[in-house]
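Structure record follows, encoded as structure tokens.
Every chain is named by a letter (A, B, C and D) in the order it is written, and numbering of its residues begins at 1.
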Amino acid sequence: MRRLSFAEAVREAMVQEMERDPTVFVFGIGVPSHAKIFGTTAGLEEQFGAERCFDTPISEESMTGFALGAALRGLRPVHVHIRVDFLLLAMNQLVNMISCYNYTTGGRTPIPLVIRAIIGRGWGQGAQHSKSLISYFTHVPGLKVVAPTTPVDAKGLMIAAIRSEDPVIFLEHRWLHWAVDAVPEDAAASPIGTARVLRRGRDLTVVAVSWMVVEAMHAADILARHGIELEVIDPRTLAPLDVDTLAASVSRTRTCIVADCDWVFSGFSAELAASITERCFGQLTKPVRRLGWAHTPCPTVRALENVFYPNAETIVHVVEDMLGCGPFDLAGVDFYNHENRFKGPF
Amino acid sequence: MDESPQAMTAASIQTYRDALFEAMEQALIRHDHTVIIGQGVTDHKGIFGTTIGLGERFGPRRVIETPLMEEGSLGICLGAALNGLYPINTHIRADFAFLAMNQMINLAAKYRYMFGGLFEVPMLVRLVIGRSWGQGAQHSQSPQSMFAHTPGLVVVMPSTPEAIRETYAYAIAHHRGPVISLEHRLMYELAFRSDPAPQSPSASQSGTPPFTSRLERRGRDVTIVATSIMVLEAKRAAERLAPHDIECEIIDLHCPSHPDRDLILDSVARTGKLLIADTSWLAYGVAAEVCRIVAGTAPHVLTAPVAMLGMQPAPCPTAKSLEDMFYPNLRDLMQAIVRLVTGGDNPAIDLPDERSMADFYKTFRGPF
Amino acid sequence: MSIELGFALYKGLYLARRCEEYIVRHYPDDEMKTPMHMSMGQEAIPVGICHALAGKADILATYRSHAPFLAQTGDHGRFFAELHGRVTGTADGKSGSMHLSAPEAGMLGATAIVGSNISVAVGAAFANERLGTGRTVVAFFGDGAVDEGTFWESINVASLFRLPLLFVCEDNDYAVHTPKSLRRGYASLTAIVRGFDCLVYEDESNDVETIYFLTREAIAAARERRCPVFFNLKCCRYLDHIGIAPDGDACYREPDDVQSWRARDCVATQRARLIRRGLSEEILADHEQATDRAIEISIAQALAASVPAPDRLYRGVFHETS
Amino acid sequence: MTDVTPDPKDRHDRLFRTALLIRLVEERIIDLYPSDCIQSPVHLSIGQEAVAVGVCEPLQRNDLLFGTYRGHAYYLARGGDLNAMFAELFGKIGGVSKGKAGSMHLAAPAVGMMGSSAVVASAIPHAVGAALAARVRNTNQVIVTAFGDGATEEGVYHESLNFAALHGLPVLFVCENNGLAVHASLAERQAYRMIDQARLYGIPAETLTDGWDFLAIADATDALVREIRRDGRPRYLEVATYRSREHVGPAEDFGAGYRRRIGLEDWQDRDPLIQDTDRIARLTPEITAEIDRAEAFARASPWPEHEDLLSDVV
């Protein structure tokens, strides 16, 4: 099978859906410009014309309302935000309008709309350009939230999101755009609402979100060399959440780490820890441990960014602590190859 | 509650609304640099009576009416704070704050940190939450967890006039950052009896910030962590259950951004049982966070899974029948407590009918 | 204008007015537990506009949407059912007065957040243009919504994208209880709006026929020029911002101000005009009595209908599972 | 920066020197950037220096200015410390915000540089609020908000103009019209004219077309600032200017296809920071030495430590 990057997979999903369904269109600030939203919108304007792929004024609140209106009258908009932070300008439309529109019309109104937002770090992005806001969206009934981590899921879930009759927030960690894997050519949707077990293991379950899946898999590789087998689960859809798969795993391993791509306090990881404790109470041999960002705005300097973000090394140390093993020799392991790969500015 | 009105002095009884008015009035009297800014602050309804007449008394430079401009309004408050004022920004529905989320989260919450401590943005943002009736999907949300999730914000949910007096006086006089207060509409008209020696503003003078949780009642059987009006509901439930030998310990979370972890953990260590009653949705919310505190530190102290009550996972419906199901009521709360403590239902305990919380507060005026 | 058309407009006005008069009568019974923002006094605007678009309109309204809903759908049965919180309402009784909707009849909903429907209307107009439906989108909003930034964002986008939709400012002078003089730093709203690539019309007549003709003229011009239209239509809300008390009872407004508007009430004006044109008092009275009876039946049916059962609570959170 | 009326030639020299400082600082940033010692997204002002220099000249020390993420020029024009700026770009503890702000949030409250936001238009209401505070506290300050043409599309811009006009607040709105929001041109974004719209809001407005002419910009600003100080009411200044580099980053991007190089050449023919070779030759050595010192300071400054991560949160 041919191999695609995550970014190419997102792009291919949109292209195939636009070819299949003339009501699909893609728009947002910078969408047709030469930077092409990290390449994910490349070629769309050329293939489908400015009618179906266009830029907008810098008016986030109103362009989100615009997407709702278009969805109400039979189009399927894909609205793109190059930083999830900018969605804060559109929270009124998202929370007060889009999430409850179907409900307040007695369930009679499909809202087929996708909001793509880029989350996560680059370097030096700082307090206003590196949030995730996962728990903001997942807290609100009526919004579906997906955060794929593999190119295959990126394609499958983008297709599912576009075909969904409900609003879907599609969160893409910008570093995941580089991930490359074999991706099927046909346009098949992955089901929204199911988790994926990425790696089987007997000793401890790691539930990881978005970029932290990469770190968790890295940690699993390292620990496997020392005889520790991690089970790594990617929820893929954050709302509605597939608790059954998570609970089944934790029932076997009896220990769980939640690795979130967001602040810990009052966040998605709090929900996961609570749900798992509720479902697996009595089976757990240790409290559920949570990893996430330091409870501060994101600083811009690398020296602090490295402290702010947990990574595979953090996971390894937490596993050592929870299982009472190690400390393992980590000499020679590069925990910062992604950070070092990234060159600025954008 | 059963004490005759004559037995109480006027000074020890105050409504929630009067406490808010007093806090606003005192802020303007004591601090020249305080201004109140918001839509409706000078109209005849005056933010449900909490700013009535202040416009005339303190003039349009201190009490400032705005157009409908939530994003702009909060931004203006931030700028005013940067240039030496203490702004109090009001929104008569917390839902309207979603129009100002950019200023709240991207600016106010991190203005201090983002600039390495060069700036301070002291301000109080008052948001009114809560049901009355028929408010529906866009007028009854309770967004404390969204704000509490974000570093840099202090989030409070006062459940008594005393909490208002202490918290607001401290915030205005001493705290140098943004404070978001969620005030519950249904409590506005309620009268509360406070301690004989009111602590305001001495609590602030003692230097302990009132930005933390409060122990409201001692009990051995179950720990109830509640927010806002659910604290009152918990007290009502506790009183009804005490004759049945069920003793509830009640903690008013009060400050979702800065919960008192030790208070909660100590209590649960004694009772072994935890019930959380919040005014918002449970998923990803305050209830999840309190669970996290216990589950992540000492789950072995729990002798049963945690029970949680909050809004049902739907937008708020307006039909009376559904609204009553949407919000937890006294019956749900008592039933949850009984099940948690005794392991099942107890037919000997007379549960109240499903008359909604709203009906009770509509007629009941206090004092609590 | 023909007698038939004038009469049709009158029927629209009378239905909206009478439905609200019945609400005023029954609201104290506490059976309609939903906050009401009454249209009374402003009916000429939605009735004139919706009739001019003759079923080819897609409208988006605000929490003050009784008259727009009734003008667009005429469906007082579901209207009263929704106000009573019954399963036979527009949304199982889950939305109440502030979110009336009838998507199949081009009533795309109403919002309780000032200004939030305006940009949605722009998107709906975009879809109509793209799909060639021939329908015209109308956004109704008050003068308070103009204070919100999203109004300006929406006017800009609609002008830029050359979308022929109708922005209708129902200018009743008050945002909640705050008069325009305390809210606007500029002299002329329409002068600023004219600075965009759009057509601007102003009217103070409060007259349903004038608004009807104005709408037809404006839509024709907008379709030809391919640009949006902004209507600034002066009007008066007879009742308080919320609830059923007369506006002017509270201290923020002069009672005389409301009285002067009542003197040229849109319903009475149209009735008198029809009599002058030769329609008989008898025909009018017959229609009015029939309407009253129909409304009374709607209310009785609403009271007799079921309240939603518990399983309805979760219905419609998502469309796909509902 | 001062109240005394300077000798015209001195004034020209002084303004030129500040503009050249900004240019050379940013050229140094371009040189350093490939080495990754500045790990912060930079939005360069090259081509737009004269606006910042001209606007800041008539301001008094306690007047406040709110900028944007394209903020190097304003920081330096207001007299922000060069060492602290370089250390901030390097993410060092000696930075003006201890390495937590980076390029997008340069601030120096001691000289009235009040910070900026990385979210378009977000700082405009801050200026209006600061002006409200100036009115309430009777400080006689003038508050300046500088923003790009893209910001005028945001709703909060309208909310801010309206409120400033309604309450008659001492704000100077400065629109740096470089014709581009990120990569989109004005015609793709705006169905109105900014200057006309500002006037219709009741705000006296002036427009300048020679965005390289710092003397003309300073004169116009001076007149507007005097008017504001006299009547306490808002004014508006639009300056046509030119962004020579990409939206973010050190490169030129004429190959990207969204604009043409010919505009750059027109601009360079007029740009005094290219044409005034005498002054450039005379001033460059000492400015370069100043920048060398700042760079050395930044390199020598320590990294922030773990405890700095959690400081200044609440």
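The rule is short, and it goes like this: a contact is a pair of C-beta atoms (placed from the backbone, for glycine too) under 8 Å apart; a residue touches a chain by one contact, two chains touch by 3 or more.
For clarity, every value in this text was computed on a predicted model and none was experimentally measured.
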{"item": "Chains contacting each of chain A and chain C, listed by label", "value": "B, D"}
{"item": "Other chains in touch with both chain A and chain B", "value": "C, D"}
{"item": "Selected pair, greater C-beta contact count between A-D and C-D", "value": "A-D"}
{"item": "Most remote chain, CA-based centroid, reference being chain A", "value": "C"}
{"item": "Rounded Å distance between chain C and chain D, as computed from the means of their C-alpha atoms", "value": "46"}
{"item": "Whole-Å gap between the CA centroids of chain B and chain C", "value": "37"}
{"item": "Approximate Å spacing (C-alpha centroids) for the pair chain B, chain D", "value": "42"}
{"item": "Residues within chain C bordering two or more other chains", "value": "89, 92, 94-95, 99, 111-113, 147-150, 153, 156, 160, 182-184, 316-317"}
{"item": "Residues within chain D bordering two or more other chains", "value": "95, 99-101, 105, 117-119, 153-156, 159, 162-163, 166-167, 188-190, 313"}
{"item": "Multi-chain contact residues (two or more partners), chain A", "value": "56-57, 59, 61-62, 85, 88-89, 92, 96, 103-104, 126-128, 141-142, 295-297, 299"}
{"item": "Sites on chain C touched by chain A in the complex", "value": "58, 60, 89-92, 94-95, 99, 101, 103-104, 108-109, 111-113, 116-128, 130-131, 133, 137, 149-150, 153-154, 156-157, 160, 315-320, 322"}
{"item": "Chain A partner contacts - residues on chain D that touch it in the complex", "value": "33, 36, 38-42, 91-92, 95, 99-105, 117-121, 150-151, 153-155, 181-184, 188-190, 248-250, 253, 256-258, 303-306, 308-310, 313"}
{"item": "Of chain C, residues touching chain B in the complex", "value": "33-35, 85-86, 89, 92-99, 111-115, 144-145, 147-149, 175-178, 182-184, 250-252, 307-310, 312-314, 316-317"}
{"item": "Contact set on chain B toward chain D in their complex", "value": "33, 35, 61-62, 64, 66-67, 69, 71-85, 87, 102-103, 106-107, 111-119, 151-154, 177"}
{"item": "Interfacial residue positions of chain C with respect to chain D in the complex", "value": "147-153, 155-156, 159-160, 182-188, 191-192, 195-198"}
